[in-house]
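Following this line, the structures themselves.
Presented sequentially are two complexes of chain A, the first with chain B as partner and the second with chain C.
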Partner chain A sequence: MNKQLKDWMNKLMPLAALILVYLIFAFIAPPSFISLKNLELIVRQTTIVGIASLGMTLVIIGGGIDLSVGSIVALVTVAIAWLLMTGSSPLVAALGGVLTGLLCGLINGALITRLKLVPFIITLGTLLVYRGCAKGLAHEQKIDAPLSWINELLAALKPEQSWMLVPGGVWLLILLAICVTLVLRYTRFGLYTFSIGSNEQASRLCGVPIEKVKLLIYGISGLFAGFAGLMQFSRLTVGDPTVASGLELDVIAAVVIGGGSLAGGEGSVLGTILGALIMTVIRSGCTQMGLSNWVQEIVTGIIIVVAVVLDRMRHSQKP
Partner chain B sequence: MSKAQRLKLENIKVRFGGTVALDGVDFAVAPGEIVALIGENGAGKSTLMKVLSGAIIPNDGSMTLDGKPFAPSNPEEARHRGIAMIYQELSLPSTLTVQDNIFLGMELSKSFFGINWILDRAKMRSTAETALKELGHEIPLNTLVRDLSISDQQLVEIARARAVGCEVLILDEPTSSITRQDVQRLFTLMRNLKAQGHSIIYISHFLEEIEEIADRFVVLRDGKTVGGGKMGETTHDEIVALMVGRQLTDLYPKSKHEFGETLLELNSLVGEARLRSASFQLRRGEVLGIFGLVGSGRTELIRSIFGLDSIKSGEIKIGTYSGYATPTQRWSQGVGIVSEDRKGEGLAITRTIAENLVLSYPQSCETSGVFSPSRMLATANTWVEKLSVKCRTSEQKIGKLSGGNQQKIALARLLHHRVDVLLLDEPTRGIDVGSKKQIYEQIDSLACSGKAVLIVSSYLPELLGTCDRIAVMNRGKLSEPKSVEELSEHSVMMEAIA
Partner chain C sequence: MYWNRPARQSFKHHTTPRCSPKGETLDFRARLIMFLLASLTATLAACNRQPSTDKETVALIPMGSTDEFWKSVHAGGVQASQKLGVNIIWQGPIRRDDRTAQIDVVESMIVRGVKGIVLAPIDNMALRAPVEDAYRNKIPVVIIDSNLNSDKSVSFVATDNYKGGVMAGEHMIKLLSGKGRVAMLRNVEGSASTDNRERGFLDALKNAPGIKVVSSNLYAGATTESAYKQSENLLAPLKTAQGEIGLDGIFCPNESSAFGMLRALQDGDLTGKVKFIGFDSSEKLVEGLERGHMDALVVQDPVRMGYLGVEKLVAHIHGKKIEKRIDVPATLVTRENLKEKSIKELVAPDIKKWLAE
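So, the complex of A and B:
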């Protein structure tokens, strides 16, 4: 059927964009760009934004926004370093970090549902609050932590680990992506997330427990920011209260490039992951070509706008 | 035709890809004439209006305005040529003042250093005042539009058209959300405009109103002009037959209903805003109608029952439950609601038909906690077939359907949920006659199968046709329900406006 073909085309659009961007750089960037090593690097570099953007996908489908994820990531790195430094085992530290993220997310959710304020305002507030907490806890400096297996989660694989194909952190991203996809499709919570984002009034009328669903959405967003913080820590190997500032914008961009609508009710996990990959490929390509940071920023900015314009054009097609 | 036509359309055709939206429309309106445009939803009325206002460019056909070719390529151009649309859903920016709205997009300006870029507020004020006075109404020019009633907003829209000299006004369902008195005010205004030689195209579902105000009527069906004539020379039935292309023998099927035990009982219910007192009992197998004008508190009544609006005092009993409950609890008590505001509250229009249908009862598509999309689709397909909903697949976005088909899904949600008490707020608002008939049939068969149905409506014939008893809401007070046999259109209306 023509219609089904069109549906597939829509779904594959971000994939086509990713391949296109990759091919462009494969031609114009030095050969090292297409090396397997660089491919692995791209995937590793996507992990932090990718994991956080999975939570953001839920938030944006549900018609909300979470501006605090960057600050949560920083707070989580500090929390993990602090736990390690005070003698906790790496497992406890990792768990503690991730739970810190969950707690932050639940606070966001509780404030949004209790105070009945728009998520933009609440999370703009908590963006500052969580960042401040991170700085306070770290006394405004980096916290060094003893070496542990956490540091290997996002490090390049050692030769003897080549059976893993990619580092543990990337596997976590893949696992979480599959989980969120399944949750969106095969649970009542997924259906409710879409319906609240599409029309909150209609969902209320249908008896959807809006407050519970929203609390869960922001909780999950915080939880995923917690996992992203764990990955961030793994990369830095220290707790840094100033890290990931502005990360929330990359995360939102990934969702939007992947077809998520800020008006709510639309978005997909696959799209989001592809969106995150597109951004990393551009960065990597520009770096390999020796282009400065500012060029990367301009290119990424243009891609975001173009992606949304294309998306709009697809949707405005008459039946 | 003896008189010169002001606006004339010949053989207008519009295609979107493979679908034909207009397939040869002929239409004309003379100066000082009110022509009613009638047709079921989906007949092509909106497309035709979009052609006239320049939002759609036709693929074929010719249009002339005052004898000159007319082919607007955008709404601004149509407006400059003197054609103004007054939409069904008012489209004014609500935080601007009346004056700013009247001139929005056509601001008067004066020159400053040789360039016209300073707003000439004084001139706009006087022009706006004249335009509103000409319409015979006074609205302070610095009022914010959001503080006006819907009918005053309509006046502003008309003044907006007049202030820039538009002589052809197109009114799309202007009476669907205003009160009876305001309808009369609007009609007086329309007659004045007509006397001044303006042309009016009037789109409405209400045949009674068309008979009252229009000189001629034109019927569209399936994108074609299928007939027309002078008002007063054609009967109601003939017009309806033209619209649906078949003789509607009986719009309101009514079987004998057997009443059972009381399912819903209100005892002196008082709401937070308009609702001042309401008591009634609704029994199994019964259809109870609530008639009231806009603003009488009828919608608040139905929303309070469902827990969407809070209540001040009084008692709501549903079966064995009593007291206030949230919408979630109401569903589980076996109560369901269809909202009067389909787009705003009834449906999630960017989601699929299937999702909208099962939204209140996703449990029906679950196996041990796992939601099954394929079961959802199968469920939706059954209902789509049962209610003959016109759609491509039930995975289609519901916003793409016509109003009538959307409403069938909104009702199907309740049927699928198998609720015992159905609260229907304006269940046939803005939908075509064919879908209306189907909804009436559904209501009747629901009552026959022992459900209790509460219908709130401002369309009296439908209440008299479908209900067993009717209560009237007047300024927040609900009268004692009376059996329809004791009531006439006249007596109910008297009670509502007394």
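So, the complex of A and C:
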């Protein structure tokens, strides 16, 4: 078997897993599971984790980790609701929310590069800081906001909107995924990201501007968390400072299931999206079968461990 | 090792040609996956209790699946479903504040095509969109326990908290024979259900001119710990130099505030000297009632709430007209009626009988 074929096999692994999981549920779940409406629901429920995991893919390829995305999402929903409450137009509120995410990400990046501490520690800290900011801004309550077009972004399509195929938020996910793929493949920034994740010291010696690239990586991760927050707000219709706790783990799991390596230097956008889909399919299937939450958690856990075991086996083959 | 790799090539190709025979590794990998998937399928199939198809299926979605209160609601729902011959799916978020998880569950139930949904919304706003989506898909929704800001639900089945508060107030007047000093420890700021109980209690006391409310502005906070501290703060200024208490009656509007107050009264050696009415029940509160440390509890009936929710939903599905608002009456539990069978079932419902199956 030659190298390229093997490479493809690695890439196809998440796709094969997704198809298998889907087929299993198609077989044992109620017939409604394979309906078109459920497919739409699955992609809608994947969107929040999916968008956030695009940023995380960059971070993990770059050899880092971002634990603060869940908190950023919560802060963004609160910021959007607060802006709407104080009379801003929905467009301004949405932009404000997304920029809040970008700002949070840049702060992460600045702290990591200036203080020269591992991202795990920095983002563990900002996880609490951003969550605290969200709770403070919302006075430890949810903020009700007036309904606007933002709430349509991730809502079930009404019959007259069926020409859109999927809601706007899903289109945003697809668009962003294509952008990140192109950036990773064809830009210098993409190459630098891979190189830093593979070997930071060697990259530094080769003249890669490590600080700048890292700042940008965490900034983008924050920006995408901002978009994810916008989607979360769209679903909730209220600003909720306690929302998305633990989301970062789902996001990291999506990247890892999709073939990303926590050691850095590896990962793909397609794999990540497939990883996120696998988790939603499991959740959707279990819910429709009326299974308890604990079953879904066990199943998802097993899949994550299997993915990491495969990841390690891939690495152990290296000389 | 990473640093041995040539610059660009290695970023794209994860494996190098030099390695152990690949056929073998892949085989092992394939076998591992096959094994795990097979066991997964077996587990899921074993867990899957596919409802028989000739029965109608309805979903009962609580705020959380771990509280005693929601287990009682579940028991009531199961009771109704067995009597009416429908299938019931019990599914909710684990945490009581996980709005997104509850939205996900409602949407999944819509897609699953259940005949109707009984929902206890965590949030009066956030659950509007999925409920309206259900309405568009012609799936009727009955709201229980907490209200939803939407007119798309069929009915709202819940305890009238104001009436419960009035009940406590009237009993307090009776206990004090219409004369004395009364204090109330509030629950938390901004909780609609307990606000109504507090309002009901104070309104009822207005009918007794001999009763003076000496304290009603302290909040117990969310935990038993904070309730205990606030209870001490409430009692301290009322104590006289002789160690007597200048207070005749106390009301606490929920379980945690009542328990905190009970502890404070016990530690301050004040039990029995002050008439004490609580709201909701728990093992400790019932024990306090039995030992004479408390005088009465206003108790909700979650089993009945679950039962009525499912019953009314099924009635609506079968084309019967049902009321927009259905009250699940609260009950006054005292030491005297605690021995009665119906009251015993109320404060300690036999959940296991219905949930064990």
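Note that the second predicted complex is superposed on the first by the 310 of 319 C-alpha atoms of A that agree within 3 Å, B and C clash if a C-alpha of one lies under 4 Å from a C-alpha of the other, contacts with A are read in each partner's own complex, and residues count from 1 in each chain.
Following the convention adopted for this analysis, contacts are C-beta pairs under 8 Å (C-beta built on N, C-alpha and C of every residue); 3 or more make two chains touch, one makes a residue touch a chain.
Treat the numbers as computed from the prediction; the structure is a model and nothing was measured.
Legend: residue contacts after superposition of the two complexes on their common chain; A:238 is shown touching chain C, with no touch to chain B. Look at A:188: by the touch rule set out above, it reaches chain B but stays clear of chain C. Look at A:266: by the touch rule set out above, it reaches both chain B and chain C. By the touch criterion defined above, A:287 reaches chain C but does not reach chain B. Residue contacts after overlaying the shared chain place A:129 against neither chain B nor chain C. Here chain B and chain C are compared by how many residues of chain A each touches, and C touches more. Of the two partner chains, chain B is the only one touched by A:209; chain C is not. Touch criterion met: A:198 reaches chain B and chain C at once.
Common to the chain B-facing and chain C-facing surfaces of chain A are residues 3, 191, 194-195, 198-199, 201-202, 206, 265-266, 318-319. Of all residues in chain B, only 16-17, 19, 306, 308, 326-332, 337, 339, 344-351, 355-356, 358-360, 362-363, 366, 369-373, 392-393, 400, 413 touch chain A in the complex they form. Residues 1, 3-4, 6-7, 9-10, 17, 20, 24, 27-30, 32-33, 35, 37-38, 41, 44-45, 141-142, 144, 151, 155-156, 158, 191, 194-195, 198-199, 201-202, 206, 232, 235-238, 240, 242-244, 265-266, 283-284, 286-293, 295, 299, 302, 306, 309-310, 313-314, 317-319 of chain A are the ones touching chain C in the complex. In the complex of the two chains, the chain A residues touching chain B come out as 3, 185-188, 190-192, 194-195, 198-199, 201-209, 265-266, 318-319.
Those residues of chain C whose C-beta lies close enough to touch chain A in the complex are 1-5, 7-8, 10-20, 22-23, 25-26, 29, 32-33, 36-37, 40-41, 43-45, 47-51, 65, 89-91, 93-94, 97, 99-100, 103-105, 107-113, 123, 125-126, 128-129, 133, 136, 190.
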